[in-house]
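Reviewing the structure listed below.
The first chain written gets the first letter, and so on, giving A, B, C and D; residue counts start at 1 in each chain.
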Amino acid sequence: MEQLLIDLAAVLAAASPLVIAAMGETLSERAGVINLSLDGTMLLSAMTGFAVALITGNLILGFIAAALVGALVAAVLGLFSLTLGQSQTAVGFVLALLCTDLSSFLGAPFARVPGPSVPFTPIPVLSDLPVFGPLFFRHDPVIYASLLIVPFTAFLLYGTRLGLIVRALGERPAAVYARGVDVTRWRYAMLIAGGALVGIAGAAFSLDLKQGWSYRHTFGSGWIVLAIVIFGGWRPWRVALGCYLFAALELVATRSQSALPDIPTQIVQVAPFVLMILVLALVNLAASPAAARQVMRLPAFWQRPLLAAINRLRATAPAALGQPFERP
Amino acid sequence: MLWLRQLPDRYTRMRLDRLKPLASLTRPLLALLAAFVLTTIALLSSGVAPLEAYRLILFGAFSTPVRLSDMIMLAAPLLLCSVGLSITFAGGLYNLGVEGQMIAGAIAAMVPLRLWPDWPPLLLWLLAGLSGAAGGALWALLIGGLRRYAGVSEIFAGLGMNFLASGLALYLVLGPWRRQTSASLSGTDLLPRELWLPTVDRLRLAPAAPVIALIALVIVWWALTKTRWGLEVRAVGLNPAAAARLGIVTARRMAETLAACGALAGTAGMLQVVAVHHALIPNISSGIGLLGLLVALLARADPRWLLPIAVAFAAFTVGSIQLPLTLGIDSAIAGVLQGALVLFALATRARR
Amino acid sequence: MRVRFVRWPLLFITLLSLVLTACGSQPAAAPTAAPTTAPAESTEEFTFGMVLVGPINDGGWNQAHYEAAQYVVEKVPGVKFIYIDKVNPADRPNVKVEQAIEELIGQGARLIITNSAEFADGTNIAAAAHPDVYFIHASGDKVLTGEAPPNVRNLMGRMEYGKMIAGCAAALTTENGKLAYLGPLIDPETRRLVNSTYLGARYCWENYRGRSADELAFKVTWIGFWFNIPGVTLDPTKVANDFINEGYDVILSGIDTTEGIVEANKATQAGKRVFAVPYDFKGACAQGEAVCLGVPYFNWGPDYKRLVELARSGQWEPAWEWTGPNWSNINDPDTSMIGFVKGPALSAENAAKLDEFIAKLADGSLNLFTGPLYYQDGSVFVPEGQVADDKTIWYTQQLLAGIEGQSAP
Amino acid sequence: MHIAVEHLTKRFGAVCANDRLTISFAAGQIHGVLGENGAGKSTLMKLLAGYLQPDEGRILFDHAPRRLSGPGDALAVGVGMVHQEPLDIPAFTALENLLCAAPPGVFRSRRAAQTALQELAERLGFPVDPAARLDQLTVGQRQQIEIMRLLLCGARVLILDEPTTGITAAQARSLFTALRQIAAEGRTVLFVSHKLEEVAELCHTVTVLRNGQVVPPGQLPMPQPQEYLLSLMFGEAGAEPPIYRPLPLIDAPPVWELHRVTARSGTLQLVDLNHRFAAGRIIGLAGLDGSGQQVLLRLLAGQLAPDRGRVLVNGRDLTGAGPIAFRQAGIEYLPADRLRDGMIGALSLTDHFALLQGRGALVDRRAAEEAARQAIAEYQIKATPITPIAALSGGNQQRAMLALVPPDARGILAEQPTRGLDVASARAIWGRLQARRDAGCCVIFASPDLDEIMEYSDEVIVCFAGRIGPPIPRALLSSARLAELIGGVGFDALVEAVA
């Protein structure tokens, strides 16, 4: 039991950069813009955050620099796709590669150099609570932030009028335009805000969870976050669940070495990535019309609960996701 | 251009006509300039003399026969990948899985080489080529399957398959195909010398590799522009719904484009094994597939432009290896230059 | 409208560069990779080059090599040092060892040191192509197996002793008898180092703590390479954290970098009590003074100095060397290949016991490779009453019984 | 609010959509705006609602000139526009639509918004569920919600663009009642339509646009003689009477036969269909949007596989064979959205014919170009063989799509075949379709325009809430009866009578 608690807390901690990045991406995709540059952005901001914190000795400055880098890359993506009308996918992909190489180049002097890290800060009183204490209140500020950002994003999207506008931007920008909102400006805003979060997530890696900087330090995390956002159906809680699932898979992978003596170590590193995509595929498969047709063949007794489950699994993308906005 | 208005009408028109080709060059030149500005800022920020770095990046690949041959041996698989990607781009697919297809091809090519090392080399090379192409194609078809049956976009299916392929390569290198002495990340045991594709004396240049790549380029160019298949693929890429209405089996064409791209990437992987590394190494694809995507994006999947761009990009990459050796800076700056070029080229394109 | 974009200028640049090259306007400063004969000035200045697998400032294996080279430059007049670091598939995916070696030779290096077991093939290929250049392959055994060309030497330190001391320090300090070893990749070298650590720990656990060997948990998790390669290896940070979460209270590092001590330090700040024993580099304790029990390290300087002088004088002959510590003072920077610096976290009482242990190793009264020793699968490593010879130790087949972890990849 | 335009001009390239318009609309009245397709009605409305900015001229609200920078600006002034396809957010509930980007201060809270909505709905006689998602509602209901949203957000001028397309007769009646009340409260209503009867019934004044100009200059008070308005709209040529034709033989061979077919698409399920569609006639599918016409068309085109039952084409069982097999059996599907689903915008007519050649590894460009040339001449398409389809006008695209139907087609399924076309193009298209029918084709088409259904169908099938009615010979049907059936009035009786 105690071990389980420790492991759950470890999963919460390990997923924190993913959660922050995924919330950022959820915001921008909800507003209708795919930020495919995520992987590169995270690398570049992880490197910048680490370098700035190392040079200035100030962690806060590091996080700020990382957020700025994330916002900047998002702004470039916005400039090219929203203003200049190029394909979001193409620009995002190119930016992902460009930022990756930029991080390798500019980050070379900081590779595998020891540096500062976010200090452990248990919350007094609360951390002594049974169960909840070790689970939620014995972490560091980055992890607390990741725990808070999920309800915050959910509230922003579903509980506020701003959230209505953001979701409408992704569903039908023309309708938002008709209501007098500057679609492009708001899409920029969401994209940049999301990008800043992605930047912070990068710094959460290099200054906290995977402390330090090395070539392609956050390996593939950005791509997996993009997949998790789809898995989560663009809904903050489910997206967060996806992040925790992935972190749990990684933990299991690390542990599995002793249990599976015939499997080379290096395989288990890749396994969570493959499994995550597989889960995404399975969820999509289960929620597909073909599955619904299969269910229809079953006895009536099973149909209702199964169809309900399928409907719950089904996640529709924002209708205008990735589409350029054209004035009606 | 104000001064032109004062000239007699006939003269003006003539001058403007002559200026037209120049005008069409301004946008690309701007893109080029912007890319160099960005790269220069990066270089300056790390305290390097940009001119020296550019000299190395741009000309480093041509300075000695050894480097020239290295460049060609990089350009060949790069060209193969980007030629394959020009098919999938024509079919409207972002095949990010090209990296994994290359690895799958390399693994598949290793199978006959390991099974029957005593067979005549010529036969083995042929077998390796076929099996490499088949392996890449199969890997690509899996992506097609995930897209069609599980509704996973080909971008993420491709990425997932990339992870899987590199995991598989690692497993083989460290597991069943490990070195006789001990497993090593540096790869499997080297192939017997006689199975290496013949190289030009003292150089690492295997002429067969560029020849194969060029043949693939010509065939694909012909197939995309002259054949019904090419027209149908383009129709599917432009508008799958309408293409289906006109009687084209879109799912099949998409699968075919993926398979064709996978086969070419697999061939590239095979070349990496028999002509470059002479073993299966974990990082056998070395990012060539993704670089191929950049090439294809810059060439706008137009086969005629693939060759010069692939050569230029290969030259950048090979030239940039000089940077850490002589200037002590990271070679990733070549990637920055390549990425910035494509990015700004996208930006200067007319809005669709 | 159809716009041609950057493609024309790109073609132009490519052509231009081809033309420039063809016209012989090759930049004079560009290093050539063609095989060179010894430069004339070699009698005055001797250049030696080093190809390193990781960065020179990793606080571990590579930094130890780099500082040894600096030691040589300091101690031997007229010697110049050049290097290429981070030669590995992750940092430089398109650079092969041969290429790096050729660049160094092109810049005038007469002796090349390569510092990773991964470099064995590349070193041999380059050595065969450049018979007039001397090569030291550190940590390799191709001379022993007879596969290396005659201009190659192997050099390695007997880190087994360092690891035994490390294991002993860990066993003296642990509160719950749970020791974790952060392993790199699995090969004979790493197996024998893990085994040595375990033997040292078990000896001190039984003899100084007076506990039974059954109560000692010793677990290895291999990350898959000498340091973290994202996407290829396990993340050592995660592995170290996992050790801590599972309750291990001493983390012994076998990898080139310092994640083990960094995470132990973090956990200690977070209120747990976790100790660490880093590896390779004398200054590694700096990453977490409060938790550092000490560090076994390599001191390549004296041997490199000796071999550089040997190469310079032309008295080179192939050899496989396995150098031990200078037992009279294992921390003597000018003579001892292997050393152990005690860390601040080692209590004075335990430090005294450790000194006693070292003294026993030094005077030969204690040889931990004495039988009976068994492998994990129960087969015999060293029969009862015998002492393992160098070759048996060098080619250790498995982890020893009592260790939890993979023996083979 | 009084609203006026002076010398208002808007050009799109060489086309002058609005040519120095000067009109004024008094407050408290319903103003009709008439005109055929392309006369400039939509442009004028978009200028008034801020979606477009004029090149010249100005707009005065209560006699004060004001430049509108966007629709939000217009709404702030008090102008709201209801689009033909309501410009709302289908994934949101009615209440969320109301709240989304509402002007600051209008609704203090969710609860306040809900109360306001329910009060207004009661006053206007619109039934509304604030928690219903719009994609579950009919176009008519969405339109009602959109009207209420604009009014609650302070619209004093309400512009409705072809509001009666795609809604039931009952909904239209309740809309008219509500509009009268809105006008009576002192607001201005602009009612854009090409349906004379509706304008006559509802409007106090009428403005007729032709070729971007007001004819005759200024507003006309209603009522006006219908023939006069028609001549204003279409010029002196007037409307030609449609061509009628006696029904062909009843025992013509069936093109499609449905045996006990059950199919589902989304939330809509068609149950136990038994139909035969005979060759040589045009069958019109009437019904509200989403009543099952699209599902039936997709079922007949093979795009939708039935859950149960059998589908026969020309006597061959093609159940679940897929659209390609249906196409090979001579079934041609012409989608409503020509550029999205019908043809490939970037390719030319020649390319399309090349695609249709269907055999040989290489493309025979000469033959394809020849075929394209022939089609251009025969169908009077304004294009060259190598013009990209996307560069063609809507009417020419539709002709091109028809020209691409192979001559041996046995069945043509057309979804809104004249959508967005002007009268002349629509006539030409129908001429072609009738020629196909006479050549032995079975043409099935769906259209929201009841006049079109009445004018061109030999038989009419009414779809109501996912149920497919029996075919009714055109001669036995009146417009009023059809409108009732579409709204569900007497639908059960009809189905039972046939059974």
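A few comments on the model shown:
Everything below uses one rule, namely that a residue touches a chain if its C-beta (ideal position, glycine included) is under 8 Å from a C-beta of that chain, and two chains touch if they have at least 3 such contacts.
Predicted model only: the values in this text are computed from it and were never measured.
Chains making contact with subunit A as well as with subunit D: B.
Looking at B-D and A-B, the interface holding more C-beta pairs in contact is that of A-B. Distance from subunit B peaks, on a Cα-centroid basis, for D.
Taking the mean of each chain's C-alpha atoms, the chain whose centre lies closest to the overall C-alpha mean is A. Averaging C-alpha coordinates per chain places the centre of subunit B 48 Å away from that of subunit D. With each centre defined as the average position of its C-alpha atoms, the distance from subunit A to subunit B rounds to 29 Å.
With centres set at the average Cα position, the gap from subunit A to subunit C is 37 Å.
Look at where the CA atoms of subunit C average out and do the same for subunit D: the two points lie 76 Å apart. Along subunit D, no residue makes contact with two or more other chains. For subunit B, residues that reach two or more other chains under the stated contact definition are 166, 170, 174-175, 183, 185, 282, 349. For subunit C, the set of residues that touch two or more other chains comprises 86, 90, 185-186, 224-225, 231-232, 409. Touching chain pairs in this entry, ordered by label, are A-B, A-C, A-D, B-C, B-D.
Put simply, subunit B touches subunit C in their complex at residues 24-25, 27-29, 31-32, 35, 55-56, 58-64, 66-68, 70, 74, 166, 170, 174-175, 178, 182-186, 190, 281-283, 286-287, 298-300, 305, 308-309, 311-312, 315, 317-318, 321-322, 324-326, 331, 341, 344-345, 348-350. By the touch criterion given at the top, residues 1, 3-11, 13-14, 17-18, 20-21, 26-27, 30-34, 84, 86, 89-90, 92-95, 99-100, 102-103, 107, 117-119, 121-122, 185-188, 224-225, 231-232, 408-409 of subunit C touch subunit B in their complex. The residues of subunit C lying in touch with subunit A in their complex are 54-55, 57-59, 86, 90-91, 185-186, 219, 221-225, 227-228, 230-235, 237-239, 241-242, 245-246, 257-259, 262, 266, 269-271, 286-287, 404-407, 409. Contact residues of subunit A toward subunit B in the complex are 36, 79-80, 84-86, 89-91, 93-95, 97-98, 100-102, 104-106, 108-109, 220, 223, 226-227, 230, 262-267, 269-271, 273-274, 276-278, 280-282, 284-285, 288, 290.
Residues of subunit A that touch subunit C in their complex: 3, 6-7, 10, 14, 111-114, 117, 119-120, 122, 138, 209-212, 214-220, 250-251, 253-255, 257-258, 261, 264-266, 268-270.
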